[in-house]
Each structure stands twice: as C-alpha cells, then as structure tokens.
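Please find the structures below.
Note that chain A is present in both complexes that follow, paired respectively with chain B and with chain C.
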Partner chain A sequence: MSYIEVNGLKKTFTVRKKREKGKLFREKQTVEALKGVSFSVEKGELVGYIGPNGAGKSTTVKILSGILTPDGGEALVGGRVPWLERREYVKHIGVVFGQRSQLWWDVPIVDSFSLLKDIYRLSAADYESRLKELTEALQLEEFLRTPLRLLSLGQRMRAELCGSLLHRPELLFLDEPTIGLDAVSKLALRDFLKWENAEHGTTIMLTTHDMEDIAALCSRVMVLGHGQKLYDGTLPELLEKFDTVRTVSVKYDGALPDIKLPEGISFERGENELSITYAPSVFPTAKLLATLQEAGRISEMTLQPENIDRLIAAMYKEMDL
Partner chain B sequence: MRAYFSVFRMRLRMETQYRGAMIGGIVCQVFFGLILVALYRALYAGNPQPVPIEHVATYVWLQQSFFRMLTSTDPDLLDKIRNGNISYDLCRPVSMYWFYYVRAMAQKLMGSMMRGIPMLIFASLLPKGWGLEPPASPAGLVLALAALVPGFLCMCALANLTMGITMRTLDPRGISAMLDLLMISFSGNILPLTLFPDSWQRVLSLLPYAQLLDAPIRLYTGEYAPIEALRILSVQIVWAAILIGLGKGLWNANRRRLIVQGG
Partner chain C sequence: MMNTLKLYVKSMGMLIRSHMQYTSSFIMQMLAQLVMEGGEMMAVILVVDRFGSLKQWTGGNLFFFFGMMSVSFYTTEIFGRGITGNFPSMVRSGQLDTLLIRPRTIFFQVLCSGTDPRRITCIAVGVASLIMGSAMSGVVWSLPKALALAESILMSCMLILGLFLIEAIFSIHSVKSVELVNAITYGGRSACQYPIDVYPGPLKVLFTVVAPFALTMHVPAAYILGKPLYGWPAWTAFVTPLSGAAVLAVMIVLFNRGMRFYRSTGS
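Let's turn to the complex of A and B:
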C-alpha cells in the first residue's frame, strides 16, 4: 500500500447568493470543490499539484492535513485517516500555506519556534540540532532574533518553512510556497526543498501556479480541474502533449537568403534575421534546420520551446477549465 | 500541558507590548469610574438606598479595574478567523479549545493586571465615599480572591463561546455587540447588581454574568457574609463547568462544518 492513498474524495461547499429582488429567501448554491479525486503517493516522492484557481487544490491539501472533513471518499496517510485522528495524525505532517502565517507577528521568530517546540513536545537536544540544521540550510541565523514583522516576504517564507519542519514531519504540504517571492528567494527555496527531500526522505506535496517550481522540483505532476484529476504523470510527458509550437530565430552572415518554406509555416523577416514559428508534428525540426542551413551561412540561431505558462494555459483551455 | 503553558506565557508577553492601549484603557476606565460614582452619589443625595454609598463606590472601582477581564475578546484570534490563519492552529497536535482558552486567560489576566493595579491604587487614594474601601474582613478578602478564580474561568469560557460563534458568522461585530450588552447589563458593570430590586437580584445572581465579578466583589464588600461563600463558590463552579462544556460542544460542532475560505 502506498504512503498516501486517496480514493474518490468529495467535498461540496454551500454558497449563499445575494437575495434577488422579489424573492423571499436567498438562494443557495452548492459548489463541488472535489468530485471524487483519487491518487496515491509513495514515500519520499515530490509531487506537484497544479490546476487553475478554484480547481480544488487547496481543498485537497486542507483535507489531507486534517483541517477539513470531506463529504465522501477515503484517504489514508501513513495508515491514518487525517480528519478522524487529527491530533495524532498532525504530529507527523508539516504544512506551509503560502498566503498565511503561523509565526507570531510581534515577537522574534526564534520565540515562535520555541513555542512550536513545546507544541510538538520536542526534546531540547532534538530541537536544538534540528533548528541549527534548518537555520543553516535556510540561512536564517541572522534573523532569529528579529520580530517577524521586520522580515521581508522571502525571509518570512523561509522562517515559515523552518517552523513547519522543526518537528521532522514525514510529509510536508506546501500550498503555493513561492507566491510573491523574488527570483533569488524562489531558487533558494527550491534548492532547500530538494535538499530536505533528499536528506530526510520527506514526502512533499506541492501546489503552485509557478511552472518553474514544478519543472525544478517535481518528478511527478497531477493536474486538477473542476474538482477532478485530469492528468497524473511526468511534466515532460504532459508538455509533449500540448507542446505544439516552437520558434526558431536565425541570423545569417550578410544578406538574408531566399528560403522556400512549405505552406502553413509563418515567419517574420528582419534585416538579416528570420524568425519562424512551426509545429514539429507538421514539419520536423531536423528537416527545418537542414533547409535553413542549405540556404546560407548561419551566424546565430536560437530554438525556443513555447513558453511553459502558455502551454499550461493552452492545456487548461483544451481540458475546458 | 507544556504547549498550553508555553502559549500562555507567549500571550502574556505579547500583552505587555501594548502599552499605549494600557494607558488609554486606564484613562477611559478611571473616567467611567468617576462618572459612575458621581452619578450614584447624586442618586443617593435625593433617594438614599439600603446599600451604603461606600460599598457602591468600591463596587464600581473593582468593576472598572477588572473591566478588561470582562469584555475583551482577543483581537488576534478574531483576525485569525477572518483571514484564515486559523488553518495553522487546526493542524497542531493540541486541543483547539484549550489552546485558545489559555490564550484568553493570558490576555485577560495580563491586560487587567496592567490596568487594574494602578487603578486600584488611584481609587484607594480617593476620599471616603468616592473611592475604594478596604475589604470588610480579612476572610472576606481571601474568599473574594478565591471566588475570582472560578469567576475568571467563566469569563474565559464566555470569551471562547463568543469566538465559537464568530467562527460561524465570520464577523465578530454583531454578536460581540449583543453579548457585550448582556455582559455589561447583567454583570453589574454599569449598574451594580446590589442596586437592582431584590426580586430581580434573586434571578440575576444565578445568571452566569453574576459569577464573574459580582460574586467576588460582594464577598469583598461584605454584602455576602463569609458563611455564604461555599454556596456562592459552588454556583460559580457549576457555571464554569457549564460554560466550558457548551463552548467545547460548539467548537467540536464547528470543526465538523468548518470551511476555510479564500484558497
């Protein structure tokens, strides 16, 4: 049996609409956040969980972290049902909500950590060694005595991560951890997550809108839309399905030669530069390159796959999300 | 236990940081105290009551000094409910109810100490009939302090009930305004319960609101004789148990139907 087993998970929310004119009561509307989602995750896996806003990603994370009770379906994590054995279960997991904070606003972050030490009943020695390890890996030493409110968003997110990992959880949920972070902080965060996963075998489940997060971290990606699982596999395979268009830019020595390209391939001509957008399925890349090379002496060339965000947008559109 | 103690200590410390609020609170409560005593003195000048005015003044000052214990709900917790940071507290291996209960204890205790002690010193310096009188007897003082313990437990339980209701309505203002009105009227904060007609008092003194500060204050002023203390403490303890039970029930029900909105 896998470490995480989720079977037909369902959750509906009731939304009350504004009362319409002429009606006595407000109308209720039920929103199916999850319509029977199933998956399994092995120990030590690093799984990305993507989908447009409102797809049910956070709902899944909240159910699996014991916060919400689902309306139907089963989930077992490490042999426990999260919402039934909440207090025992949550000792073994860590959660980071990118848009929320668990640390105390007005006090130095190390004081928040020491409260967490008491909440999880860590021994002094265990706490000290883990704190040292995490503050080194997350470069937090110099901020330990600084109140949270004085930290930048990037520093704060690192502190939040440290707080969520102090009790050495076997499973870490990250709900949009890189939201609002700058490039340096994002890279540092990704490096840290890889390190934590490799060093301690921590299973990590990550929701994000940043496809670079997925590309850099996750060996496996699940796509969720309208409360259903639409894809489960590797990122390259997913992209291959939707990666329809590529762009080649070529510069020639001297004037631009006359090149004959088959119908249906669009190109833009510059002074001595040519930019071609083509679909590899229609016109193979190798053939195109050969044609270009025959035409003249190439001085510079770049080949770009389509922007990953656009791919995902195209994919969401195709999946009717 | 360690977790609860630790969060208690943390909240105590946080409370000491709000010095501006402390000074504002003292000024406001001293002002209220003076107005109320002046008002009751004016009432007594025209229409003397069976309760001596010195007792009424003492009652008013003790109520005002511990005002912070009475009505305050923790603004941090209300924020957590509104902005969803409560999610984090839900994934801790602790009892949510008691975790929040000890926070309320720390906030009310430190908040009222910081305001109450300077105020009581001030009130005891006022002339007789205006200020705070010494306790009726040493036994009265001891029993009043003893009665403050279950009273305090009731106040924290009421704070958690408000919190539990806020979890359902999401906005604390409406329900807080209503509960605070009941609290201020029936706890004796504005009109000392001793000044209500006797027939009213028989009912009022059994309500939970009379267990908070009214019962300890009456033991202090000698309104309740030390011999009655056992009965009074029993009523208080029963109410503390009921309020905690109700609160826990409400919180457990909330947990099952909880939604954390906004992603």
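Let's turn to the complex of A and C:
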C-alpha cells in the first residue's frame, strides 16, 4: 500500500447567491470542488499539483491536512484518516500556506519556534538540534531575533518553512510556496526543498502556478481541473503533447522582402523584423529555412521554444478548463 | 496538563510582548478604557446619588454588584480574548486553518491566541468598586464569604466565555450574529450590573434561565451582602453559580460539533 492513498474524494460547497429582487431568501448554489479524485503517492516522492484557480488544489490539500472533512471518498495517509484523528494525525505532517502566516507577527521568530516546540511537545534536545540544522540550511541565523513583520517576503517564507519542519514531519504540504518571491528566493527555496527531501526522505506535495517549480523539483505532476484529475505523470511527457510550435524571428539586410508562406502559418511583420510561429510537425523546419533564405540576405535569426506558461495555458484550454 | 498550562502562560506572555511593541498606543488605549469604565461607574454613582437606594439595595450594595460584573467581565476579556474578540475574524480570514494543523484542541488554541491586557484598568475600577461597596455595606468578611466571592467570579467568567462561544459557533456556519448575541453578552453586562430583582419578569427569565448572570453573580453577591436573594438559604450561594460551568461545558461541546462544519476560505 502506498503512503498516501486517495480514493474518489468528493467535496461540495454551498454558496449563497446574491438575493434576487422580490425574494425573501437568497438562493443556494452548490459548487463541486472535488468530483471524485483518486491518486496514490509513495513515501519520499516529490509531487507537484497544478491546475487553474478554483480547480480544487487547495481543497485537496486542506482535506489531506485534516482541515476539511470531505463529503465522500476515502483518504489514508500513513495509515491514518486525516479528518477523523486530526490531533494525532497532524503531528506527522507539516503545512505551509503561501498566503497565510503561521508564525506570530510581532515577536522574534525564534520565540515563535519555541512556542511550536511546546505545541508539538518536542524534547529540548530534539528541538535544539533540529532548529540548528534548519536555520543553517535556510540561512536564518541572523534573523532569529527579528520580529516576523520586519522580514522580507523571502525571509518570511524561509521562517515559515523552518516552523513547519521543526517537528520532523514525514509529509510536507506546500500551498503555493513561491507566490510573490523574487528569483533568488525562489531558487533558494527550491534548493532547500530538494535538500530536505533527499536528506530526510520527507514526502513533499506542492501546489503551484509556477512551472519552474515543477520543472526544478517534481519528478511527478498531477493536473487538476474542474475538480477532476486530468493528468498524472512526468512533466516532460505532459509538455510533449502540447509543445508543438516554435517561434522564429528573422531580420534581413535592408527592407523586409515579401515572403510567401503556406497557409496555417501565422506571422507578424515588425519594422524590420519578421516573427513566424509554426509547427515543425506540419511544416518541416528545413523547408521553412529554405523559404526564408530564398527571400533575401538574413542578418539575424533566433529560434525559440514555446514559453512554458503558454504551454500550460494551451493545455488548460485544450482540456477545456 | 502541566505542558498545556505552560503553553497557555507562554502564549499569553508572547501576546503581551506583542502588545508592548506599540507602547504609546498601548498606554493611550489603557487610559481610554479607564475613562470608559469610569464613566460606567459614574452612572451607578448618579443613580445612588439621586435615589439613595434601589428597592432594598443601598448605594453600597449597588457598587458591590457593579464591581462583581466589571471584575468578571474584564477578567474574561483578558484571559479569553481569543473567544470574546478574535474568533469570528479568524474564521473569515481563514486564519483558523493554521490552528487546525496543530496537534491541540481548537478551543484551547483559540484561547491561546488572544488577550487584551488593556482591560487591566477596567478591572482596577471594578476592584475599587467592590472594596467601596463592601465597606459602605459594612460586610463582615469570613472564609465562606471570600470563597463565595472567588467562586462567583470564576463561574461568571466561565458563563461569559460560554455566551461568547455562541457567537463563535454561529460564525463557523458563516452566520453573522453579532447583534443577537451582543444582546446577552454586552447587554448582560450592562443589565446585570444591577441586581436581578429590580427588573420585570421577562428580563428576570432571560438572565436567570438563558444567560444565568443572576445565578452566578447575584445569588452569591446577595449572600455576601447579608440580604439573600428571594430569601434563599445560604448554601444556594455556592450551588447556583455552578450553572456558569454548565453553560461553558455545553457550549464547548456544541463548538466542537460545529467545527465539523467548518469550510475554510479560498486562497
């Protein structure tokens, strides 16, 4: 049996609509956030969970971390049902919300950590050694005495990570951890997660909108849309299906010549630049190059793969999300 | 148990230090509270000055009743601010999620999440009023009377906490209930600063059966003042206040049941 077993998980929310004129009560509307999602995750896996806003990612994370009770289906994590034995269960997991702080705002972060030590009933020795290890790995030593509110977003996220790993959880949930971070902070965060996963075998499940997170971290990616699981596999395999077009920009010596391109190839004419988007599988690259060369003397040319975010957008579109 | 108590004390210490980060605003607000609670007491002073007494209660008696309410109500606000103040906004902002991922009960964690040390000035006014009232009424203190006072304050605090839990339970179901619940919490505070028997029937029922301030506060206070309420025997002054613990216990059960319907917020 796998470490995480999820079977047919369902969750509906009732939303009250705006009251219509002439009616006494507001009408209710049910929204199916999850329509029977199933998957399993092995111990030590690093899994990415993607999907557009409102797809049900956070709902899944909240159910698996014991915050919400599902309306149907089963979930077993390490042999426990999250929402039934919440207090026992959460000792073994850590959760980081990208948009919600779990540390105390106005006090030095080390005071927050020390309170967490008591909340999780950690022994002094355990706490000291783990704190030392995490502050080194996350480069937090110099901020330990600084109140959370004075830290930058990147520093704060590192502090949150430290706080959620003090009790050595077997499983770590990250809900949009890189949201709003700068490039350096993102890279540091990814390196840390890789280290934690390799060093302690911590199973990590993260939701994100940043494809670079997935590309850098996750051996496996799940796509969720409209409350259903649409894909489960590796990122390269997922992209291959949608990674069909290339963009070429060409500059010529002198004025742009008139080029006749076959139908189905879109191009934009700039002042002295031509940018062509084509699918190599339909129109071979060699043929395109020949056509371009015939037209005049090429001075500059770049060939780009499709942007990863565009690919995901295309994928969401194709999956009708 | 020890660990839980330690955690509570540590959380409170941390919250107080957080408040102290903004020293000048803290002092200003403390003074504002003093003026406010002083104003409340002034109302009682005016009643006493104008009428001398209210039914069988002398001015000194009225100060005593007022003091009981102030001390109980604001002690609850200091130790239970998480319930009396923060909880509905924690639900609305989704901050409650962060408590659900900790291996502790929600009620305890919410209790640890707030305090309002500024209320200390209100308690000071209440204590002054208690001392004044007891001296003016010529109370002869004995061990049973001191015990009755301590029990009454403790049980009243539990009652007030229980009443505020009603609002918390409503807010889990995302129902805004403030006005309705305020009628018995803040309304109860204002009304029950005066002994229950000065009120007409319906209010008597409200504050004896629904929100039993009369049982936790007025019965023992009347015993201490040597004018037993309704002529009830002395032992009732030790038994009726237990209704405060009963209300709190029932509300905690309902609160825990309500948490199963918690639906969090989007992110």
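By definition in this document, the second predicted complex is superposed on the first by the 271 of 321 C-alpha atoms of A that agree within 3 Å, B and C clash if a C-alpha of one lies under 4 Å from a C-alpha of the other, contacts with A are read in each partner's own complex, and residues count from 1 in each chain.
In this text, contacts are C-beta pairs under 8 Å (C-beta built on N, C-alpha and C of every residue); 3 or more make two chains touch, one makes a residue touch a chain.
On a predicted model such as this, the values are computed, not experimentally measured, just so you know.
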{"item": "Partner chain(s) touched by A:S65 [first = chain B, second = chain C, both, neither]", "value": "both"}
{"item": "Residues of chain A contacting chain B in one complex and chain C in the other", "value": "13, 58, 62, 65-69, 86-88, 90-91, 93, 95, 97, 99-102, 104, 106-107, 111, 114-115, 118-121, 176"}
{"item": "Residue ranges of chain C in contact with chain A within the complex", "value": "3, 6-7, 10-11, 14, 17-18, 21, 94-95, 97-98, 100-105, 260, 262-264, 266-267"}
{"item": "Complex contacts: residues of chain A adjacent to chain C", "value": "13, 54, 58, 62, 65-69, 86-88, 90-91, 93, 95, 97-102, 104-107, 111, 114-115, 118-121, 147, 175-176"}
{"item": "Touch list for chain B against partner chain A, complex", "value": "2-3, 5-7, 10, 13-14, 17, 83-85, 87-88, 90-95, 255-256, 258-260, 263"}
{"item": "Residues of chain A touching chain B in the complex", "value": "13, 53, 58, 62, 65-69, 86-88, 90-91, 93, 95, 97, 99-102, 104, 106-107, 111, 114-115, 118-121, 176"}
